[in-house]
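Both of the next two complexes hold chain A, though its partner changes from chain B to chain C.
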Partner chain A sequence: MKIFRNPDVMWREEDEYKSRAYEGLEKGEDVEKIGTSVLYLNGMMLSLNILGTEIWKRCEGSMLDEIVSELAGIFDVEPIVLKKDAEAFIAELKEKGYVRYG
Partner chain B sequence: MSPDNLIDPFIVYWDINSSRHSDDVIFNICDELIKRKIFVLNLRDLSNPVSATVCGILDKLAGSNIKIRLTVNHDSLEKPMIRNLLERRISLFTETDSVEKFLSVPGNIIGNVSFSLNKKNFHEIPAVISFCIKNRIKELEFPIQRAEEGEIFYPAHSEVDQLAHALKEIPLELLKLTVHDPFLWKVFFTREHLEGMGCNGANTMIYIADNLDVTPCPLLPVTLGNLCSEALKEIFSSVKRRQIRKELIAPPYECRECAIVDNCKGGCRGRAYILLETFDRKDPACCFYC
Partner chain C sequence: MSDMDDFLPGAPLTINWAVTNKCNFKCSHCYSRNDPSDELDINVLFKCIEGVAKAGVLSINFGGGEPLLRKDLMEIAKFSSQNSMRVSMNSNGFLIDSGKAAELKDSGFSKVGISIDSHMPDKHDNFRGIKGSYERAVKAISCLSEAGIETSISTVICKINHNDVDALIEFAIKNKVKNLNFHNFKCSGLGYSNKDKLDLTAEEWRDFYLHALKAKHKTEDIDISLDDPVIALLGANKNDSMVKGSICGKLSLNIKSNGDITPCGFIPMVIGSIIKDDLKDLWINSPVLERMRKKTPKGKCVTCDHYTECLGGCTARAIALTGDMNNPDPHCWRHES
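What follows is the complex of A and B.
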């Protein structure tokens, strides 16, 4: 199943916080709570951390396994755990209308 | 980055009425809106005819990723101007405060509708909505009141109840509605839309007045700076802006023991500030525990 971003979602990466998160990641710090992008749809805002942002950016017709495979090269997480997290996150985005399956 | 304290706003309200600022100043602001990755620019020009400044801004931002919503006076729409505006990739709204104007010339409605609420026309809301649905208007907005435009209006609780009753007969799902007033939301939308929402003045949104003063919201007249002499980035990263966010994030002192404060966060903080001159009092429009 391919995953597509809802074209009505407006979003941007926050460059300053993105750099901070990647620096922290390299040092092995917990960067989970650093928001690196903001999404806006129908008056509702969503802030994503670095993992969420990287998943979001890949929702352009990719399959879940493709996304997970790409992210495994960036994040030092067990692929099984990464897949589970990514799957849950995308399901949440779908529930909120930010992505659709094609 | 915290969602309560963004680095840059993403919604900008910009009113242009009689402004006579140089093109350089206006274009510098446009450049900064692009650079700061603003999502939505709500331009409003109620002058008649629509000013050249607005056309200049539209030209400057054409091709950018900024979604533009332009509100013009219902009376100011002349055919050449309508054609000019409709050719642009913007959402056009015509503003009025009387349903009679729409009803008398329904074929003349162009684009979307902005219905400015006041004490005299609040009861017209069901008629306006029905009119929009019947005439296939895509979107109806009840715009944010402007602090500088005189009397601050909010409906009595009985009027809100009457409205809720009248709306039961209307298929609201046929129309996109934009309602800014936090206590009118609950009449139109389900409760989950309200969860965790609070004042986003000086966070997701800012307001640029005609004189280029920047305030958190059209209804919160605390000047954070002026774009004639400062950049938006400077204003948004200023101590003053951080202080005002601190005030707005914390619910009003008067609401501290209220059971729904976590949901409403104190309602419209600008309205309370204008009418009561403090951030400590609850929004006068609050209809909980009254």
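What follows is the complex of A and C.
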């Protein structure tokens, strides 16, 4: 199943937070709570952390396994854990109307 | 999705930009047509728009006044969309026919909201002060849709329509708009002068929102939005957004026709100028915005269980009617415990 972003969603990466998150990641810090991008739909905002942002950027017709495989090269996380997290995250985005399956 | 407690985007996500204060209508709740501020020249505007885009703003919603009374609106919109921002507009629809709708599409408008306050022509015309305005507004929606522009209806809730929720929804569905936006009444400008005639009591607001929320949940044919933070008292909005209370100064800013920046169109506190100031710097460092983002509860808000969700309600209304942004929103119906 391919995953597509809802074209109505406006979004941007937050450069300062992003730099801070990548610096923290290099030092082995917990960066889960740093929002590195914002999604804006119907007057509402979502903030995504570094992993969420990288998943979001790949929601352009990729399959879940393709996304996970790419991210496994960036994040030092067990692929099985990464897949579980990514799956849950995308399901939440789908429920909120930010992505659709095709 | 990260915890938003300390998250502030580096720049506004959206800007409401009043490009003119001129208007061809005579609405009795208007907050801008008596504003004597100048209009910016198009070349100055272009420079400002470039700055806004560079700051990372995602969208501009043009308003006023009636934005179509600015002869160069299409150029302004085109320039904005060429700078990668999504462009929309609020209009009374009076000047939109098929040709104008096509021009709007060509200029990059993706969405246009048309103000309609009643499903009954006479009631709408009386409220807006212009005979035939209902008919033109309905026609505008159809022309915009035909041109491929997404449409919405914006309805200011007040004494004339608060009991017409179902009829307004039916009307919006019949006219095939994507969104129906119920706006809470703001006591700014003429809205302040006419508040006794037009504004609802707190209890009437509660009853309106109870009805509107119920209707919203059972209506699948159209998106209904209720932009009032006080609906948190009814358990609404809890999981919908990471931003609590008013979004003004947290996600959006307002720019007046002369370039002055205010937190929203209904708050007359100028925090800077889009011509002279750096938008990102103002966004992060404005003391007014800081106070709006970190309000201190007062009065009945101090002991209210809902405060963490509504953050005192609409800041514009608290300022307009009490002079203090930290006071409870006068539309709040909850009694002190």
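What we mean here is this: the second predicted complex is superposed on the first by the 102 of 102 C-alpha atoms of A that agree within 3 Å, B and C clash if a C-alpha of one lies under 4 Å from a C-alpha of the other, contacts with A are read in each partner's own complex, and residues count from 1 in each chain.
The working rule: a residue touches a chain if its C-beta (ideal position, glycine included) is under 8 Å from a C-beta of that chain, and two chains touch if they have at least 3 such contacts.
Note that the structure is predicted; figures quoted are calculated from it, not measured.
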item	value
Fit or clash between chain C and chain B when superposed on chain A	clash
Which superposed partner A:V81 touches (first chain B, second chain C, both, neither)	neither
Which of chain B and chain C A:A91 touches, first, second, both or neither	neither
First (chain B), second (chain C), both or neither touched by A:E14	both
Greater residue coverage of chain A in the superposed arrangement, chain B or chain C	C
Which of chain B and chain C A:M63 touches, first, second, both or neither	neither
Contacts of A:E32 with chain B and chain C, given as first, second, both or neither	second
Footprint overlap on chain A, comparing chain B with chain C	10, 12, 14, 16-17, 34-35, 38, 40, 43, 45, 47
Contact set on chain A toward chain C in their complex	10-12, 14-17, 32-35, 38, 40, 42-49, 52, 89, 92
Touch list for chain B against partner chain A, complex	1-3, 6-7, 10, 37, 39-40, 67, 178, 193, 204
Chain A residues touching chain B - in the complex, by the definition given at the top	10, 12, 14, 16-17, 34-36, 38, 40, 43, 45, 47
Touch list for chain C against partner chain A, complex	1-4, 7, 9-10, 13-14, 56, 58-59, 86, 179, 223, 225, 227, 240-243, 247, 251
